[in-house]
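So, here come the structures, one by one.
First chain A sits with chain B, and in the next complex the same chain sits with chain C.
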Partner chain A sequence: MTDTQPDTAPDAGPDTRDEERAEERRHLERREKWIRRLPLLPALLFTIVITQVPFVFSLFYSLTDWKIIPPTPRTFIGFDNFTDLVDNQFFRDAAWVSVVMTASAVLLSLILGTGIALLLDRKFFGQGFVRTLLITPFLVMPVVAGLVWKNQVFSSQYGVINWLLNLVGIDNVEFVTRYPLWSIVIVLVWEWTPFMMLIILAGLQGQPTDVLEAARVDGATNRAIFFQITLPHLKPYLELGTLLGSIYLIQVFDQIEVITGGGPDSSNIPFFVFQRSIGGGWDFGAASAMSIVVVIASIVLANLGLRVLSGLLEGEDPA
Partner chain B sequence: MSSDTGLVVGQKRWTSWALGLLAWAVGLLFFFPIFWMVLNGFKEEIDANSSPQLFFDPTLDRYRDVTSETPGLLGFKEAFANSFWIVLISTILVMILAVPAAYSLAIRPVRKWRDVLFFFISTKFLPIVGAILPLWIIARDLDLLNTRTVLIILYTAMNLPLAVWMLRSFFMEVPRELIEAAQIDGAGLRGQLTSVVMPIVAPGLAATALLCVIFAWNEFFLAVQLNPVDGSTMPIWVTSNVSTRGNFLAKLSAASTLATLPVVLAGWVAQKRMIRGLAMGAIK
Partner chain C sequence: MAEVRYEGATRLYEGTEEPAVNALDLDIVDGELLVLVGPSGSGKSTALRMLAGLESVDQGGVYIGGRDVTLVPPKDRDIAMVFQNYALYPQMTVAANMGFALKQQGVPKEERVRQVREAARILDLEPYLDRKPKNLSGGQRQRVAMGRAIVRRPQVFLMDEPLSNLDAKLRVQTRTELADLQARLGVTTVYVTHDQVEAMTMGHRVAVLKDGFLQQVAAPKELYSRPANLFVAGFIGSPAMNLITVPVEDGVASLNDLSLPLPDDVRAEVNRRGLKEIVFGVRPEHLELGQEGTSGEVAVVEELGSEAYVHVRIAHGAETELIVVRVGGETSVTRGDFVNFGVTGANHYFDPDGDRLDAKPVPGAG
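Up next is the complex of A and B:
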């Protein structure tokens, strides 16, 4: 009888009542936790299903030999797709293009963006208007950016650059055919410099003015102020720009499609994946293996990036 | 002594002028390709396809050309309507999903809010190319290829992490004391939201939605892979104006201007707030 004493016995001693309360509190806490989590769940589930699950499929496809057209049965071949990539000259070209394109576009737009941000971070006539002019390239549809540059700026017949070159006596250059990769990089830099500029500008405007004043009173030169105060202050902003820029630029597709339409000199891996699969190759096994390589490269970048981000979020706790 | 300072001040003023002028020059240089595109859209083909000229008889005929319907080809109206609905519905879905999530990360944060935020952002690190083939297969098997639906779903997923990220930073700006004060006054959750939180974050919501609109409107990769036919969007329509036969420069310019205008205007209006949401959210 006594050994089956129920928890909720009305004549229970003070111990049991405490336990009861604790239990109730735990129950409430758990409820409270779920109430807090609930608003998060739809977004979380949606994101997992749409963005994470396909990668698992990709991983699986990459281990198979599988062509959609002509339809062939899917056979498991292990890592053969990956070892084949090493010997694939076209893939090696695409990988190299990816590296050069991403690195040079991020670096150049970051440098230019910082320079322009410094120019804009001073009072001058028409400051807001000039800023508006400068952000516009980032808002323009990437496809349009590519087409305009190709046909109206680079073009050897009707392009503005060649017209200027002719004025100073230099013969027409067919930029896109002669320098396909760099033509695309220039367009990318044109589109991403405004983005970098805006991030750096946000950094410059968050600079503590009293420190700058003090440095100036102490007779520090502009150069010393820039290198010893401004640049260290800008570091997280430069990191953020690099991070966001690389994430997007490693995936460039639109500009390649409209400027060169691909080719060994200008296809990056994402574009090559498209060519080998939906774009006409229909070799889903091999193309998946290539896409996994991009994913791995991005994870490496992301690890660096997340470390940066965690530094940024450090010490910020809303709870 | 005094003449010395005068010289220095004069020099400073001169440098300031020069730097201002340089900023203007850079601004105009960056804007030039867009200016040139708009200008070419008002030309006759023959004028656009010749050495660059600044002065010409402007005409609206190219706009008439590109907006007229050719049977069997993707028309402007169709592409615009497709883009409009896809962008609108996906942005509404993003906001419906992202607002509660951001609330859970900022105002009444879950315990591991940092991990959750990282997860959302980390999905942006995975290149879409790594998912495109399975997405294509799934869409094909569900009969969703070439529909608006597939783009609505994917654009929602594409913008969601960014929206959560931005909205969280706007929610963080709501002073906690205000919410507590409302609680003490006996306001329920709904009351706190409508009377305290929403008025403060409303401009941030608008800026976030606008950024989603811009990204969805400009998106080309997914549209061209999953939806090159019926539900085609504006970017695909723009590229359809490139022809291999005959001159197309002026027409392409008119089409490009039409496709670009809505988003550029939206971006100009919201520039300051968008930047704050993006940059200040990360660094504070």
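Up next is the complex of A and C:
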């Protein structure tokens, strides 16, 4: 009962009492936060090590001149690798291919995926079965998908398309040689449409039915309902699809390797990186610089894509 | 504006045995506010949605303004609906929500803005026109939903429990505002609620539904004073009518010491049906504590200030039964007292199977 603690002295006014409580509360909150974070720390460290460390290494290599064949000592050369890229016609071609390939594959698969999702978003017999069938392309390994399309579909000798064209009397077309970029884009769209479809379908099924009914009662046609109600509702789902699609598709490698094996019209930056490094170039400095460019471009592109999309869907007039 | 008619309208949901709405016949006159009331699952929403075109009519038909709209899609029925959860368009501003229907009709923008402003003025929504629904309170959302309906100037308003998400006080206030608005606009309105007080206070006429069947359609007063059957008698009124099965002998029913001589028409009907027992109904305000009558023990006294309800436990055959008696606000009766009570008038007599036993036909009943 002896009054040893001055901060709880009974003569302390209400103001100091409040301050003490606030201080005490802040202290408790800090402790609370650390207690909650602590168990996450190992996972966080692990994640940083395995994701960020390689990136830091790449960053370092990109600032060096490092060729393995013929073996030369690694020397620090600053940003020369990057400035060289600007003048490199092959790199510029690859960059352009990357842009066209990613943008068109994302856009087309998004449109197709939305269309199919709209068809699937109603009750019919065998719905689950059809949905599973439609998802399979996404489950096929990229290499296998590339091979199947190259040999069974596009091929001038064994391909289905040419067989059909022959039936109606049109001569063989060597698709992969004539349209290397678009052949790859078609395969990518085939693989990615199911992914987009799943995301959009989730969005459609999360749409409250009474809002759609309200629109019907308000005299909206199906078309008006889609463009004025459903599409704005799907905005976050379309954004997600664009984001994930762009991030993955900008790194496509397998399909290019299998279908065209590269070439100025169909190698994107990752493929070019491969060619310049372990694919025969052995110039790891330059290749690292290019990968850094891809990472930055991915971020920029994804952001741009989201902006454009948001802008398109924001168009709502006030009355 | 228009009258509305249900003609033997039936809705059987897929995978169910009994129709949710069963051969509904109902005439709603131009400018009327008709309330559909009934317990949960009685088919109120279904009946309303059939009129909106959101549910197909499996048999019979529905008419709006004399036009058969049974097969007409919702968008061509010229109706406006207020949903229970309001169903506002989440990505649109309040103004866009309210102007949506006009936009679909191709009304030019200036005209749309003008009409939306007008409706917003009526509903005190002007400060919120640029907000999204998620940034509004429940009451404001409810008004936006109303605004969306009145901007249309439709032939019929359909409302499905539009006040059920509001707190009690706001609900009472909005109830009167809504009834007033409807009277001013003069638009035929079908209003669904499960709350019989709401039904009685708002409806020009009230239609009572149970298990998909229409029980009675009548003005609130008539519904209260002449319920067509046992169900309506028990459903309408709060606290509920006292309903108790009593034996009949020589045209006299008896409740313990209380003799209830039956009116002539009831007596005739009882004889015609050969009933030995009937259900006697009496509202709490038509019972009176006094020296006479039958006796029982007070189980509960519900004090409401201006009045009080005394629950009296009486013997009834081998069991006991609670009878509610209304008394004035300042009562000295307390729990455990033994009291006598008698009947002051307005008795109701029903066949135990449900029918009302007086001869006078109930007008308007299906």
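The criterion applied here is as follows: the second predicted complex is superposed on the first by the 265 of 319 C-alpha atoms of A that agree within 3 Å, B and C clash if a C-alpha of one lies under 4 Å from a C-alpha of the other, contacts with A are read in each partner's own complex, and residues count from 1 in each chain.
Just so it is clear, a residue touches a chain if its C-beta (ideal position, glycine included) is under 8 Å from a C-beta of that chain, and two chains touch if they have at least 3 such contacts.
Keep in mind that this is a model prediction, so the values were computed, not measured.
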With both complexes superposed on chain A, which partner does A:221 reach: first (chain B), second (chain C), both or neither? second
Identify the partner contact of A:210: answer first if only chain B is touched, second if only chain C is, both if each is, neither if none is. second
For A:153, select first, second, both or neither according to whether it touches chain B, chain C, the two together, or no partner. first
Where does A:139 make contact in the superposed view: on chain B (first), on chain C (second), on both, or on neither? first
Which partner, chain B or chain C, touches the larger number of chain A residues? B
State whether A:232 touches chain B only (first), chain C only (second), both chains, or neither. second
Overlap the chain B and chain C contact sets on chain A and report the shared residues. 316, 318-319
In the complex with chain A, residue positions of chain B that touch it: 16, 19-20, 22-24, 26-28, 30-34, 36-37, 40, 48-52, 97-98, 100-101, 103-111, 113-114, 116-138, 153-154, 156-157, 160-161, 164, 172, 176, 214, 217-218, 220-221, 224-225, 234-235, 238-239, 242, 249, 252-253, 256, 259-260, 263-264, 266-268, 271, 275-276, 278-280, 282-284
Contact set on chain A toward chain B in their complex: 33, 36-40, 42-44, 46-47, 50-55, 57-58, 61, 116, 119-120, 122, 124-127, 129-145, 147-149, 151-153, 157-160, 163, 166, 190, 193-194, 198-199, 201-203, 206, 236-237, 240, 247, 250-251, 253-254, 257-258, 269-270, 273-274, 277-278, 284, 287-288, 291-292, 294-295, 298-299, 301-302, 305-306, 309-310, 312-313, 316, 318-319
Complex contact set, residues of chain A against chain C: 208, 210-211, 213-221, 224, 228-229, 232-233, 235, 316-319
Note which residues of chain C are touching chain A in the complex, please. 52-54, 73-77, 79-81, 83-85, 87-93, 95-96, 99-105, 109, 112-113, 116, 129-130, 148, 152, 158
